[in-house]
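The following pair of complexes shares a single chain, chain A, combined with chain B in the former and chain C in the latter.
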Partner chain A sequence: MSSAWQFYISSVLIYLGVDIMACWGLNLQFGYAGLVNFSFIVFQAAGAYTAAVLTLGRPGPASIQQYLGGAHWPFPLPVLAAGAVGALLAAGVGAIGLRRLRSDYEAMVMLVVSLIATSIATNQTNLVNGANGLDLVPKPLAAVLHVSPLSYQWFYVAMTAVVCGLVFLLVTLITGSPLGRSLRAMRENERAAAALGRNVTGLRMLAFVVGGGIAGISGAILVMFISAWSPGSWLYPETFVYFTALIVGGSGNNMGAVVGALLVPVAFLEATRFLPQFGPPGFIDAVQWIAIGLLALVFLWFWPRGVVPERRRRFPRARSQLAATEGGQLEQNAP
Partner chain B sequence: MNLLLPAIGFGVVTASILALAGVGFTLQFGVTNILNLAYGSIMTGAAFAALLVSQRGVNLWIAVAAGGAFGAVFSVALNRVVYTPFIRRGTRLFGMIIVTISVALVVQYGIQAIWGASFFSLEGLHASAIQLGAFAFTTTQLGILGIGVGAMIAVHALLRYTTLGKAMRATATNVELARNCGIATDRVIDLAWAISGCLCGLAGVALVINVTAFTDTTGSDLLIPIIAVAVLGGIGQAYGAMLGALIIGITSEIAAALISPDYKDVVAFVILIAVLLVRPKGIFSEIASGKEVAA
Partner chain C sequence: MSSPPAAGVEAESLIVVRDLEQNFGGVRAVAGVSFSIEKGRITGLIGPNGAGKSTTLDMIAGATRPSSGTISFQGRDITRLAAYQRARLGIVRTFQTSSEFARLTVMENLLVAAPRLRGERLVGALRGRWYWRDEEQLVVERARELLGRFEMTAKEDEYAGELSGGQKRLLEIMRGLMAEPEVLLLDEPMAGVNPSLARRIETYLLELHHSGLTAIMVEHELGTVERLCDPVIVMAEGRVLRQGTMPELRRNREVLDAYLIG
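Moving on, here comes the complex of A and B:
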């Protein structure tokens, strides 16, 4: 395999890892807890800015980019800090924004949060360098490893895979446990879950904060690879791409999120970035967005539960016991 | 004070555009209960329809009418071809958000794919300044004010004095009850889309007359202020939306003059979030329909 192909494939794999993590985070919020977080991309952006600022060092008065703070933290720390910032920001936004609103109103609140965040990051130029964004983010461990650029690509792929694995452990720890069952119960019927003694407010916050933390980590991995980050990288339609991924893949299960990440952001958007451009400038971009919109419509029409539908959970023994006594059924209603 | 007066003047012009768009948005949302996030893109579409007409060298008022007509036809078709079939298939709140955002993306980027991402302006605009008391307006601004006030009077007359208006208000309050009273709610819903779409188209053309140069995102950039107007006035409340448009139009222009033009939209954003979190039924909920907003 030629080295150009290796660069191409390794880059796509890294984007895939980032998108899978992001989809798991959003799936925890939307697929399991039913939170319509249309500001998801803001938490990824917050993580990316955190990781960038913590590796770039302090800006001098003559630097080309101005930002708040700055440090040279050794490698794994900026990623962890990015996760922490994503989670903290989610706690703040969640404390103000997560009310019991109808889901289209909730989506609206979150959409506006996304627009406000973009507006602040763009206009407060001393915060994260305004519309130009941050650039020249150093690659982690590149100075220590002393390897060829190609070997470094594969090292980064391996590192992304490890981080993905850790995030997967965290996500399955939540979704595979009674806690995950409580989240799904809340999604299906909030009042019933509350009546059965579940702390609904706490559950919503938990899903929102953990999802925000995962988004932050995905942003850190992304920015350390592409080395630049600006408000143009996280406009609100990017959140729509992740939602489309969950619809296509199948929300409410972690495999569906993986399939969605593979099909939508990677196959549809990332991979075509490497293809030759044709038509007037911006034409390919426009066609990509039209295709994403049509894809969401087609899947909602024909396969609203996605390629990998959420498994219907059955409880045979409990059901037969119940049938013997009351004739009721415990089978959970899928959405 | 010397900054404040012109800001109020600009605010009234912005408010006319917001009132056109906001009343259209709130009527449609109130009657059909669909949060149509493609509304801003349809405004842009109407502006480009007006551009096509104005390039043929006709009177600007014909271009304005063309924009309104495009909005009405497109909205009715959109409802018939996309939204209603999805609802019949059981797509609900979250799914419908995804449907309307998809349509918004397809329309907006469709325009970008056809016309390219550059700036356009309507032909036949001749602006000259006119002094009205303490305010200085251009003739185009007065034209926008005229469109706004005229459309608002027409909406008022429609809602107050016609059977159709009564049927629309009834449908917005309670669809089931209206249907049981013998109102042909399907036809009312069609007409609501047509009227809302016409206002949407007029707003789109008024908007691009006001900003002079527009792109494929001009309409959708105004979407959140429009939603803020509708929510502030109470969903389905045309008069509430008119008042909401005045409040948001004037405060955002004052904020632009006194703080920074960069934060013009943030005023609308903050008002929207505050109203949704504190009083989601809007400021006029005593007369509002009592739709269930809180889950």
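Moving on, here comes the complex of A and C:
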């Protein structure tokens, strides 16, 4: 395989890993807990900015980019900090947006949060360098490894896979436990869940904060790979790409989130790269958004449970019980 | 059926409601209601539509905060506690309309109700399956016993949303029992249920009553109330009109007027 193809495939795999992590975070919030978080991309952005600032070092007075703070933290501390910032930001936003609002108003608040966050990051030029964003973010361990760019690409693929594995462990431990069952019960009927002793506000905050943390980690992995991050990278429609991925793949199922990430942000959007250019400049990009919207609608109408639907949980019976049940059935069937 | 409790014996009362009021804007749905609930009895709450029965039940369950008045449970003031905190104390309710967790199986619906599971907390969940698996197996067995008792074993793996209306009512009662309640608040448990299933539900409730269940039941079907409840509280226009046994209430002019005119 040529180097160019290897570069392309490894890049796609890294994007896939980032998108899978993001979809798991959103799946925990939306698929399991029923939270319509239209500001999801903000938490990914917060993680990306955090990781960038904590690896770029302090900006000098003559620096081409200005931002708050700055440090040279060794890998993987910036990634962990990105997760922590994503979670903390989610705790702050959740405390305002999740405590007392109905889900439709909650979705509106989240959309507004997304718009406000982009506006602040764009206009406060000293915060994260305004509309120009941050550039020249150092690649983790590149100075230590001393390998060719292509080898580094594959190293980054492996590193992304390891982080994906850890995030998968976290989400499956939560969603496969009685806690995950409580989240799904809350999604189905909050009033009934509260009447059975479930602290609905606490559960919503938990899903929101853990999902925010995962979004932050995904942002960190992305920014360290592409080395740049600006408000144009995280406009609110990006959240709808992840929502479409969950709708297509199957929300409430972590494997559905993987399939969705593979089909929508990666396969569907990558496929448009190979379309011949036609129409006015920017036409293909605009068509991409229309196609994403249509894809979500088509699945909601005809295939609302997605490609990999939420699975039915069955509880195995002990052997002695099975024998007793079968014996009882035989007795019932006897003439 | 047991004899009615002596008036004013609050020391034995499980729940004491004092001067409870609920105003929705300008509408006074509940206007100074006081009564007490004795342990081991099913207390009926009856009255014409709009009498404030369900609102009173909502306030006891913590679904709505009273405008004024107090509610105490086992001698503790719980007026300001949230619904989930009251449920954890043992005040568990069912709803007038179906409130099943539709995309969870019948078994899962029951397991959600089981209190104090180890894997319920984040730390417990993160410790992995081995930490909570054995306890969960015990809870599953308890849920299976309940399913057997209510003749719903065959429905264990069905989604709750796919059950018939009557089966959903049964599920809701089972879920309430699974929560190990000190007191069960039943909001019209027979509503929308066919007569044969209603009789079954009544039989189940009678069995539970004999095994010591404490409950408050809002119900319109007076025959059922007569067979299950003692005492019965009659409400009208947001107030308690009368309290007593059903035969006593049937002879009371005020109660008859409230039902016929109300």
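Note that the second predicted complex is superposed on the first by the 299 of 335 C-alpha atoms of A that agree within 3 Å, B and C clash if a C-alpha of one lies under 4 Å from a C-alpha of the other, contacts with A are read in each partner's own complex, and residues count from 1 in each chain.
Convention: a contact is a pair of C-beta atoms (placed from the backbone, for glycine too) under 8 Å apart; a residue touches a chain by one contact, two chains touch by 3 or more.
The shown structure was predicted, so the numbers you read here are calculated from the model rather than taken from an experiment.
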Notebook entry, point to check: Between chain B (first) and chain C (second), which does A:42 come into contact with in this model arrangement: first, second, both, or neither?
Noted result: neither
Margin query: Tell me which partner touches more residues of chain A in the superposed arrangement, chain B or chain C.
Written below: B
Item checked: Partner chain(s) touched by A:193 [first = chain B, second = chain C, both, neither] -> second
Next item on the list: Would you sort A:117 into first (chain B), second (chain C), both or neither based on which partner it touches?
Entry: neither
Next item on the list: Using the superposition on chain A described above, determine whether A:81 touches chain B (first), chain C (second), both, or neither.
Entry: neither
Next item on the list: Go through the superposed model and pick first if A:26 touches only chain B, second if only chain C, both, or neither.
Entry: neither
Checklist line | Sites on chain B touched by chain A in the complex | finding: 35, 82, 86, 89, 91, 93-99, 101-106, 108-110, 112-113, 116-117, 224, 227, 231, 260, 262-263, 265-266, 269-270, 272-273, 276-277, 280, 292-295
Margin query: For a test of understanding, state which residues of chain C touch chain A in their complex under the given definition.
Written below: 61, 63, 82-84, 87-88, 92-93, 95, 99-105, 107-109, 111-113, 115, 117-122, 124-126, 128-129, 132, 136, 140, 144, 153, 156-157, 159, 175, 179
Next item on the list: Going by the contact rule at the top, pick out the chain A residues touching chain C in the complex.
Entry: 170, 173-174, 176-182, 184-185, 187-189, 191-200, 206, 252, 310, 312-315, 321, 325
Item checked: chain A to chain B touching residues, read off their complex -> 36, 96-97, 99-105, 107-109, 111-113, 115-116, 119, 122-123, 190, 237, 240, 243-244, 247, 280-283, 285-287, 289-290, 292-294, 296-297, 300-301, 304
